[in-house]
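Structures are listed in the sections that come next.
Here come two complexes built around chain A, the first alongside chain B, the second alongside chain C.
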Partner chain A sequence: MKNIIEVKNLTKEYRNLKAIDDLSFEVHEGEILGLLGPNGSGKSTTINCILSLLKFSKGSIKILGKEMKPDSYDIKKDLGVIFQEVAVFEELTVYENIDYFCGLYIKDKTTRKKYIKEAIELVGLEEFKKFYPKQLSGGLLRRLNIACGIAHKPKIIFLDEPTVAVDPQSRNSILDGIKKLRDQGATIVYTTHYMEEVEILCDRIIILDKGKVLATGTSDKLKELAKIEEKVTIEINNLQPEQIEKIKQLENVDEVNYNVGNLIITYKKGKNNLGELIEHLKKENIKYNKIYSERPTLNDVFLELTGKELRD
Partner chain B sequence: MFIHNFKYAFKTLFRNKMLIFWTFAFPIILGTFFNLAFSNIENSEKLDIINIAIIDNEDLKLDENKGIKEAFEQLSDEQNEDRLFYTQYVSEEKAKELLENDEISGYLIIEENKPKTVIKTNGINETILKYVTEQIMQTTKIVEDLATEKITKEIQSGNIKIDYQKIYQDVLDIASQDNVKIKNISNTNLSYTMIEFYTLIAMTCLYGGILGMTSINNSLANMGEVGKRTSVAPISKGKVIISSLLASYITQLIGLAILFAYTIFALKIDYGTNLPLIILLSLTGSLAGLSLGIAVATLVKSNENVKTGILIAVTMFGCFLSGMMGITMKYIVDKNIPIVNKLNPASMITDGFYSLYYYDTFDRYFFNIASLLIFSGILILISVRGLRRQKYDSI
Partner chain C sequence: MTVFKTFLKVLNKCKFVIILYTVILLTFGAFNMTTSENSTNFVASKPDVLIINNDENVGVTKNLVEYITNNSNNVDVKNNEDAINDALFYREINYIIYIPQNYRQDILDGKNPEIEIKSTGDYQASYAEMLLSRYINIEVIYAKEIKDEDKLIEKINNTLAEQTEIEITSKLDTDSLSKATFYYNFASYSILAGAIYVICLILSSFNETKIRKRTIISSMNYKKHNRILLISNALLAIALWIFYVIISFIIVGKTMFSIQGVIYIVNSFIFTICALTIAFLIANLVNNKNAINGIVNVIALGSSFLCGAFVPVEWLPASVLKVAHILPTYWYIQTNELMKTIEKFDIESLKPVFINMGVIALFTIIFVIITNIISKRKRKIA
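After this line comes the complex of A and B, so read on.
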């Protein structure tokens, strides 16, 4: 598989703090690579270093086989960037904003017009072309932000937490749009601290914390690192300590936590754990409201690797 | 790409209500207030002859300060068409009495061979007396220095028969050609309103800095999100900055043109025959304003609101020192801490305007133009260091 981006031993220091610590990874052609990590884990700093906006202490960055520099215009013409904060002109309409940023890449007016139309359709802003940014909701503004970054049809797209503070409808629209861009042939680097998004969207995931790569792989591969097979959550009122002790004795049970009417049981292995648990509850005459079983999540992986929750 | 960026930079500036207020509306509002406030003082556009007194007694040795005495005699000469003063030579006690009774605008006393003006209130007459005294002092100093230099040269060349009369005449010829020659201002339309309008134009020129600052903020990655997006585009930073600054400068000039049109046609301000020179000074002043904005945007590490606040405060303070809230302030600064107004672009602009009225020659006017260009050049050079930076430590 062809490497579109190659980051080797990247280190970025702010005085005594290492924001990125010897980071190395590749982005393959046509994939969506997710950079997953809590706030402050170095996701945005990594993107800004790759884009040659930030100085870095050590390492090398190659895009399309060439070293990335601030004046690498031949590389930059193939890049599209959607920053975490909305980067548009308040004084320009939706159409004018997209035209301005697209015009920095595409000189030909006819081509540009066609591309702008397609970008507006992709993010679903057809009815808002003449609106000014302040007239748009937060979700629509995020969509405009995306349109400004991708209208010129870049080969490589960087999306830095594009769904922060976005309503569910706009979020779905944004995620659908990103899938379409990938289907059209773009290679995408997607940073987020929402694990659900990377699970839905990304072909490969890099989990970052404190500027270091903790793990890399597909969602399924990473979940194997969680060392648990199943997690069952039951809503039970007034569970007695002796009843909890009996549950701990059940086959394959690894850990039992009871907190505010919620019993969480984790299993390291086994196939019919839920069935056996229900049987036990019936036998012990324990009344419960809800019961559901989950496969391990990326949060469990993060918990396993760092001892803390992803959103801590 | 240059035209594309220029077009949109122009659009964003023109649609930015805050910028339009400070660069277009605010000077017009202020101009209207000036016109209303000073219209009552405008009954007489020509200056009357100013009553002054000079203290004359043996202790003060007025005769030893011939230059000053002769200059005031000339400016008080009844035969002189450009007569500026009606001068009485009196004792100090009498002068104090005349001043107390408002029979004179001020009096002159020689102390340690230096003239000192004493006034009771601040007004246009008092300001002219102070200003003329300062100019005479400067002229006298120049004459003395030139004469000393010439005599020293003669002595050094071994000439023992020095023709003092010829040297004196040569020096006078040079001094009369110099920019220290005071022009007749009794027949000009110099007035409070005009003085205020000059500082208003100076302020408008310097407010161009806000436009320059906005352009820089939109072009650089460490200044904001739009700057980040522009920085990752395949276009050189220089092209973006130059096209944006050009749009800012043209917007600024449109603002000035509107101000001139409004003051000339609506407020009936007469800029006289010097309008082209006033416009030239305004163009240069606007460049200085733009440079100030670029420097604040580049050198101050803070958010846009703080930078705008700093720029407006610096501009207003500069205008205050250059006489916007009273011409006396300019005089006080010129006399006590002249370096401040030498570095103050508002003062360079207003001084350039005054010089068109006070002097027959344009030396001082062009000196101010040159000062503004140097000021702009230095600020741009300092800013270039920050603007040329390709990568940042943090953004």
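After this line comes the complex of A and C, so read on.
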């Protein structure tokens, strides 16, 4: 698979603090790469370094096989960026805003007109073309922000936490739009601290913490890193300590936690764990309300790798 | 074109500010016109004088009373000290002359008799005192030589009747020049406030960190983008200047077709360029749209008041004018003020004009240097 972006040994230091520490990764053509990490893990700094918005201390960045520099305008024409904060002119309408940012890349008026129309359709802002930003809701503003970043049809799109503080309806619309962009052939680098988004959207994920790559791979591959195979949650009232002890003795059980009527059992490996557990509960005559089984999440992976929750 | 077109769209949102400052300029310009027209008529006023004659009303004494009476408004007040003092207090009288007993005899004897007076101390009283001094000085001088009372009176009256012909050689149309000077002095406020407000508002939109980031990562050369913005702002400032110059032709047309008119125009152009650099400097320092309004008021209103754009320079205290030297508006207004007095235009007479313009140009260069230093430092921090 062709590498579109190659980051090698990237280091960014702020005095004594290493915001990025010897970071290396590649982005393959046509994929959605997720950069996942808690706030302050170095996701945005990495993006800013790749885009030459920040000078870095060490390392090299290649985009489309060429070294990226602040004046690499031949590379920049193929890049699109959507930042976390909405970056639009208050004085311009939705259409005029997209026209301005698209105009920084596309000189031909007819092509631009066509591209603007397509961008507006992609984000679903057809009815709001003549609206000013202050007349738009938060979700619609985010969509405008995206349209401004992708209207010129870039080959590589960077999305830096585009769904922060967005309502669920707009979030779904944004995620659908990103999938469409990938289907149209764009390569996407997506940073977020929402693991659910990464799981449903990204082909490959890089987990970052403290400016370092903790793990890379597909969602399923990463989940293999978690030492648990299965997590079972049961709603039980008045469970006695000796009953908990007996559950701990069951095969493959790694950990048992009982808290406010919820019993969480994590299993290392093995099959038919749920069946055996239900049988045990029957035998011990333990009544329960609800029981369900889960595969490990990326949060479990992060917990396994760092000892802390991703949401911390 | 994209940047320039967007510049115009953002400018369109600021058009009310430009209209506001133009309306202010036109209103004050029109107000000045009406007040100046009234001042073309002059009527000499006479002081209100009360003469209390304790001498016989004959001969030189009678002549003095007649002279003062003819040149002042004779007020009739009861010959009662309290009534007289009240009339003086309430400004019904400006000046009271007490002619002493034996005044006539003392004059004829060649003496200089002492005359008691009471005065309100205002300019009308000063005028009455001037009349009295003039009469007595002439009377005392002639009385030493002329002993015949009739001849003395005749000589005094002839001398007092003499008038000096005054010919005004200046061909300056001072009224029209005053109007033009007032207009261009006031225009300094409109140019400064308009340019700073509009340019800062537009640049604050383009320089907003988020938008700037998006522009930097685009395929448009950022230096080229900034160059287009610079040219667009310069065009805006020049358009503003042309607009105000056209208005000056409408208001004081005749003067504008003279050398003074050319100097007003050149001076205002240099000042407009200076205002443009001030606007760039402020836009580099401040990115908060809400703060811009306050800054415009401090800079434009402050310098206009300190340098004499709103009130005549001659009314300002010396200490204020000393402080005003550090502001470009002061040098701009000095040139406008000079236009009211310069009649012959040669290198020598125009020297102060060139110096004033040179100082404004120097200010412009300083502002450009400071702006460059600040923007370079900002880029380094980013």
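Some points to look at:
By definition in this document, the second predicted complex is superposed on the first by the 312 of 312 C-alpha atoms of A that agree within 3 Å, B and C clash if a C-alpha of one lies under 4 Å from a C-alpha of the other, contacts with A are read in each partner's own complex, and residues count from 1 in each chain.
In this text, a contact is a pair of C-beta atoms (placed from the backbone, for glycine too) under 8 Å apart; a residue touches a chain by one contact, two chains touch by 3 or more.
Small disclaimer: the values here were computed from a predicted structure and weren't measured.
On the superposed chain A, the positions of chain B and chain C overlap enough to count as a clash. Contact with chain B, but none with chain C, is seen for A:14 once the two complexes are overlaid on the shared chain.
Of the two partner chains, neither chain B nor chain C is touched by A:165.
Using the contact criterion defined above for the overlaid structures, shared-chain residue A:105 touches chain B and also reaches chain C. When the two complexes are overlaid on their common chain A, residue A:79 makes contact with chain B and with chain C alike. The superposed model built on chain A shows that, among 75-83, 165-173 or 309-317, the segment of chain C colliding with chain B is 309-317. Put simply, chain A uses residues 51-53, 70-71, 73-74, 76-77, 79, 81, 83, 85-92, 96, 100-101, 103-105, 148-149 to touch chain B in one complex and chain C in the other. Touching chain A in their complex are the following residues of chain B: 1, 4-5, 8, 11-16, 218, 221, 224-226, 228-236, 390-395. Chain contact summary for the complex, chain A toward chain B: residues 14, 48, 51-55, 69-71, 73-74, 76-77, 79, 81, 83, 85-92, 96, 100-101, 103-105, 107, 148-149.
Of all the residues in chain C, the ones that touch chain A in their complex are 1-2, 5-6, 9-10, 12-13, 205, 208, 210-211, 213-221, 225. Only residues 51-53, 70-71, 73-74, 76-77, 79, 81, 83, 85-92, 96, 99-101, 103-105, 148-149 of chain A touch chain C when the two sit together in their complex.
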